[in-house]
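One structure, pasted below without further comment.
Chain lettering (A, B, C and D) follows the sequence in which the chains are written, and residue indices restart at 1 in each chain.
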Amino acid sequence: MFFASDNTGPAHPRVIEALTRANEGHAMPYGDDAIMKALAARIREVFEAPEAVVHMVTTGTAANSLILATLATPWQTVFCTPEAHIHEDECNAPEFFTGGAKLTLVPGLNAKMQPDALHRAIEAEETRGVHGPQRGPVSITNITERGTIYSPDEQKALADTARRYDLPVHLDGARLANAIARLNCTPAEITWKSGIDAVSLGGTKNGLLGAEAVIFFDPANSWEFELRRKRAGHLPSKNRYLAVQMLAHLENGLWLECARQANSAAARLARGLKQITDVSLLFEPEANMIFAKFPRATHQRLHAAGAQYYVWEGSLEGEDPQEMLTARLVCDWSVRDEDITRFLTLAQGS
Amino acid sequence: MFFASDNTGPAHPRVIEALTRANEGHAMPYGDDAIMKALAARIREVFEAPEAVVHMVTTGTAANSLILATLATPWQTVFCTPEAHIHEDECNAPEFFTGGAKLTLVPGLNAKMQPDALHRAIEAEETRGVHGPQRGPVSITNITERGTIYSPDEQKALADTARRYDLPVHLDGARLANAIARLNCTPAEITWKSGIDAVSLGGTKNGLLGAEAVIFFDPANSWEFELRRKRAGHLPSKNRYLAVQMLAHLENGLWLECARQANSAAARLARGLKQITDVSLLFEPEANMIFAKFPRATHQRLHAAGAQYYVWEGSLEGEDPQEMLTARLVCDWSVRDEDITRFLTLAQGS
Amino acid sequence: MFFASDNTGPAHPRVIEALTRANEGHAMPYGDDAIMKALAARIREVFEAPEAVVHMVTTGTAANSLILATLATPWQTVFCTPEAHIHEDECNAPEFFTGGAKLTLVPGLNAKMQPDALHRAIEAEETRGVHGPQRGPVSITNITERGTIYSPDEQKALADTARRYDLPVHLDGARLANAIARLNCTPAEITWKSGIDAVSLGGTKNGLLGAEAVIFFDPANSWEFELRRKRAGHLPSKNRYLAVQMLAHLENGLWLECARQANSAAARLARGLKQITDVSLLFEPEANMIFAKFPRATHQRLHAAGAQYYVWEGSLEGEDPQEMLTARLVCDWSVRDEDITRFLTLAQGS
Amino acid sequence: MFFASDNTGPAHPRVIEALTRANEGHAMPYGDDAIMKALAARIREVFEAPEAVVHMVTTGTAANSLILATLATPWQTVFCTPEAHIHEDECNAPEFFTGGAKLTLVPGLNAKMQPDALHRAIEAEETRGVHGPQRGPVSITNITERGTIYSPDEQKALADTARRYDLPVHLDGARLANAIARLNCTPAEITWKSGIDAVSLGGTKNGLLGAEAVIFFDPANSWEFELRRKRAGHLPSKNRYLAVQMLAHLENGLWLECARQANSAAARLARGLKQITDVSLLFEPEANMIFAKFPRATHQRLHAAGAQYYVWEGSLEGEDPQEMLTARLVCDWSVRDEDITRFLTLAQGS
């Protein structure tokens, strides 16, 4: 019963197979290998973006921070939600990589930034000339850190707001495949067609070993990114082993297949939870992440039985067995049906 | 004929096998997995260092820079040779990670730092109170960037010099296995027993896919390193896939077996080159790296035939076919005997 | 009619006289001069803090940022209000000097941080181990950026909250003299006796030419501060000209005399404004700063007559003459009675 | 007998007078004052550079570092001599302000960079693509840190070399007036006419209280510099007190008058020293700085009599009274003839 995060699951066997096949002979290092060239071509095709440039890194934090450092100057502020991974979960990585830019928190609805709020936040900055932070990039996450999803139109409304101030837009796509699988849209529609300038395209949470792609739709950013990646220790020498993972992902739609499996596991789990008295969902789950409230006693029973997930609000320790605590439950591509069944049975208390 | 670098070769099949075996079920992320615990225990055993702490990263630049940032303040200077990877090949990564520390270049002999020169360099710093850079860590590389080797005693002489000024010592061990294989010493002798405080233990150049271990012999450095690693985007979520590579390396001495293969391939290549008229070695190769001078015409013949290596000094283009250009030739564990034979035949011009 | 800021006024003549007297002969540079020694002794006496260390800088931003950089690591977050000068008016200087620390905004009441809100903000950080920002210093401003004042007890309640988490407390005292003059407390009571660890003691806004003192009550911070000051270009070579300003300030209570003049000018201005129909004060002014709302037509009349102040909310341009716009009015020590009278007459519209 | 540095002397009385006159009424802060406008106009006139932009800061380290940060990216290296103030005397300030750029040391002759050596140093960088530091600005000092002087032609030869690689050139002019006074050239000839892009124009060492001007001949750099200055805490609120110092300097050529006095004091001192047995000058002094070798006994006699200067090489303590130690002797504008006479008498030992 592993619902702690989608980064706890294994890599998909087809990824391991591709990696094993790639382990033949010598290959030029630092991205100058044939697999990387094939991957870049494939991404341009999948995203319908013939000019796009692609770089590989090993973590989402690296992808996000290096992109933001390329798009923002140190005296700017990045607009994001209070729930953004770049704000809450990167130990000040964006501040480090940008050389001291600030993050301005734009309140959202279930972690989704609202165009009006973004407009107000942008307007409130840069009113003091040289004294205040200057306006910088807008960064959104799809699916969000709360499992909610922006439609292409919703993204476009935000991007249009940014565009009015000439601000670039970054998409943290650590779980972008889950959004695309659910929205049934094209990769182009959820990125450049809805105003995105740069994407952190996640793979690790979706069945890879540890590989994320950075995509810039404007190739002018490429060389600066390359220098920043190198001096941050994120230029992989044996790049082929990163590229081949992402390439395997894009072969025959494996990335969306994995995402669909994760989404439907979460949907099944959510359906089951909703039928249990004492369990309430904070909001309707749209992809592979569920926030659910239920009594401490239920949490304790689940944990005792080995269920793994984060208690998001409240503490397992505590006197009142009826106090309601919030669980965050995340499904990865490999979650087994029997684990969901067992979890639901335990949650039901029967 | 792949002699461009030891990071162009494939991973050792036993590493791929171990990785495949590790790809089972769920594992807690960020280093909290069973394989990482096994690896840390194994490294403590192999290095006879029961207190040592171990962290995994994916590149040597990350290992070096994160260690230096942990050991140095932004107002210090790091003592290294002009040939050091941290100086020449990391696009100012140490300056970035340390928040602006300086590198003081200590002249060496064939890239080996000399205790007298180090002593003079340390003495020359910190003579101006608050105005000048303050003395910081000493960083050496073994085997060096020119393929030469420090004996444990030579390292100790440098570390003793540093110790007199209370300066910590970092060992860039991107190719440490090659040194140990050649010196036939213990890992402890070439690290903490000869005064080293922190090691970048390379794996990528020696048959892994992309995995380097950071070892601190004083565990007090661990938490700061952990925070720095996270905010630099170098904390791997699916850490097991890094740990298992290094663990496979240390099983049954695979790391030294790979290093020995690389060293002996280089030895064979060097022996052959020495017998060719017009070829001279810049210095006696001690591990898996050779610097050789021979005429442009020979270089052109080799390159035309597909040999891959860097022309270290001089340019392939040029009028005089007899001009002497320097080649850097590096052997990895997988270099084939027939490639060496073919290279030597071509070099001989017959 | 100069109410734009208290940094627009001249230096007090007694400061110029002291400066002129100090311009005799040679003096050792970088703070090693007799005047600096006298100043440090005087500050220790005035603040009843025999261990305190004192450093001079030329701007408040430098004082604040250098103190925060000394107290915070790059992976921490500084707790301050949304109105804090360090957040709104320093173009990311704290982020720059700390090497990328974050600022966590603690909502306040009229720019005064509340202990409960601080407690909640501290609790909300550092709940994600290595992933989130770590808890760092608390920074408050007295008088605040809205002209309100913390009593020693109010400061102590905040400092006690910080202390429970072992967090140091910084006081931005750009206008500390105005607070002391109004509270009629001792400098010790409003600083270390109420839990403050480090003070930016402003002088520039209070009748100096450009001189701020940094005071650490724990001398252990001194050397790191000194190194940070030097490498930030804030170590003055001819330090005597800074020290003598602050020393003149502390002679015969000139600093409090200047502050009292500024405060009472503001009090007179506020009293007058309150008697005018259509003018309302946002909150009762406690020192030398007033926030007042009145119709656009009045603003236009005042500006046309040469009054200088910032329109804080709203715009001078606009169609509706009755729309209410907020003015920020700041009095410095040199404001003339006749200017206040004239301003009030103009505001009254008669 | 004050020869420790030219920053130990007093400000020129005419500067104090101008400052006192400027202390009238209110003035807009942050450079938006009438005196600053007059100064900028005056500098454009004196330097025959109608497009130049001017900013004031309080220290040479701030001027140098802020200029370099504006001209260099964090992944570049700055070319300077080993004796450069930015390398030896700023506690890594350039590394801090640039966000981690490197300094490449170009060997010089008596601290003067040679075009050939610069050419070789530039060529040696950027040979490794993304891996090595990228080529950045060239920074020279005139007069140098050893008191030697570049002629306009010598500067131009260096700037031409830089220009071939599209690299900007920075002039650290902490003592530029001393060079102009000696060379009898125009300010334009020693700056933009000889290829300089940005100047740190020193005033503090030449009779001001603490004021340095930054001049960019290309105004495109101005806004970025302004943002960098602000976030480094170097934007002075009461800017008029800085501007008025520099303006007084440029009135009736006071800056050159002060420089001439300092130069001729040094010339007299040098002439006297040369006539003393046992005293040798390291090189012919060209401006206001002398490096002289004489026996420890003489040093001890001078110090006992109160002479202030730095022993540059060697230590006052030591057994052998005949050991030769090097003195650095610097004259400021206010050095008195009788002090020189007394120093020479003491040095002579009679």
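To be clear about the criterion, contacts are C-beta pairs under 8 Å (C-beta built on N, C-alpha and C of every residue); 3 or more make two chains touch, one makes a residue touch a chain.
Keep in mind that this is a model prediction, so the values were computed, not measured.
Trainee: Give the chain pair, either B-D or B-C, that is connected by more C-beta contacts.
Mentor: B-D
Trainee: Taking each chain's centre as the mean of its CA atoms, which one is farthest from the centre of chain B?
Mentor: C
Trainee: Counting in whole Å, what is the centre-to-centre distance of chain C and chain D, each centre being its mean C-alpha position?
Mentor: The mean C-alpha positions of chain C and chain D differ by 34 Å.
Trainee: Measure off the straight-line distance from the CA centroid of chain B to the CA centroid of chain D, and report it in whole Å.
Mentor: 41
Trainee: Where the centres are mean C-alpha positions, what is the separation of chain B from chain C, in Å?
Mentor: Roughly 51 Å, centre to centre.
Trainee: Please list all residues of chain B that touch 2 or more other chains.
Mentor: Within chain B, the residues that touch at least two other chains are 74-75, 90-92, 96, 99-100, 130-131, 134, 227, 230-231, 235.
Trainee: If we count contacts the way the header does, which residues on chain D are in touch with chain B in the complex?
Mentor: It comes out as residues 74-77, 88-92, 95-96, 98-103, 105, 128, 130-134.
Trainee: Once bound in the complex, which stretches of chain D touch chain C?
Mentor: 2, 4-5, 7-11, 13, 16, 19-20, 23-29, 57-66, 90-93, 96-97, 204-205, 209-210, 227, 230-238, 241-242, 308, 332, 334
Trainee: Residue numbers of chain D touching chain A in their complex, please.
Mentor: Touch list, chain D to chain A: 30, 73-75, 99-100, 130-131, 134, 226-228, 230-231, 235.
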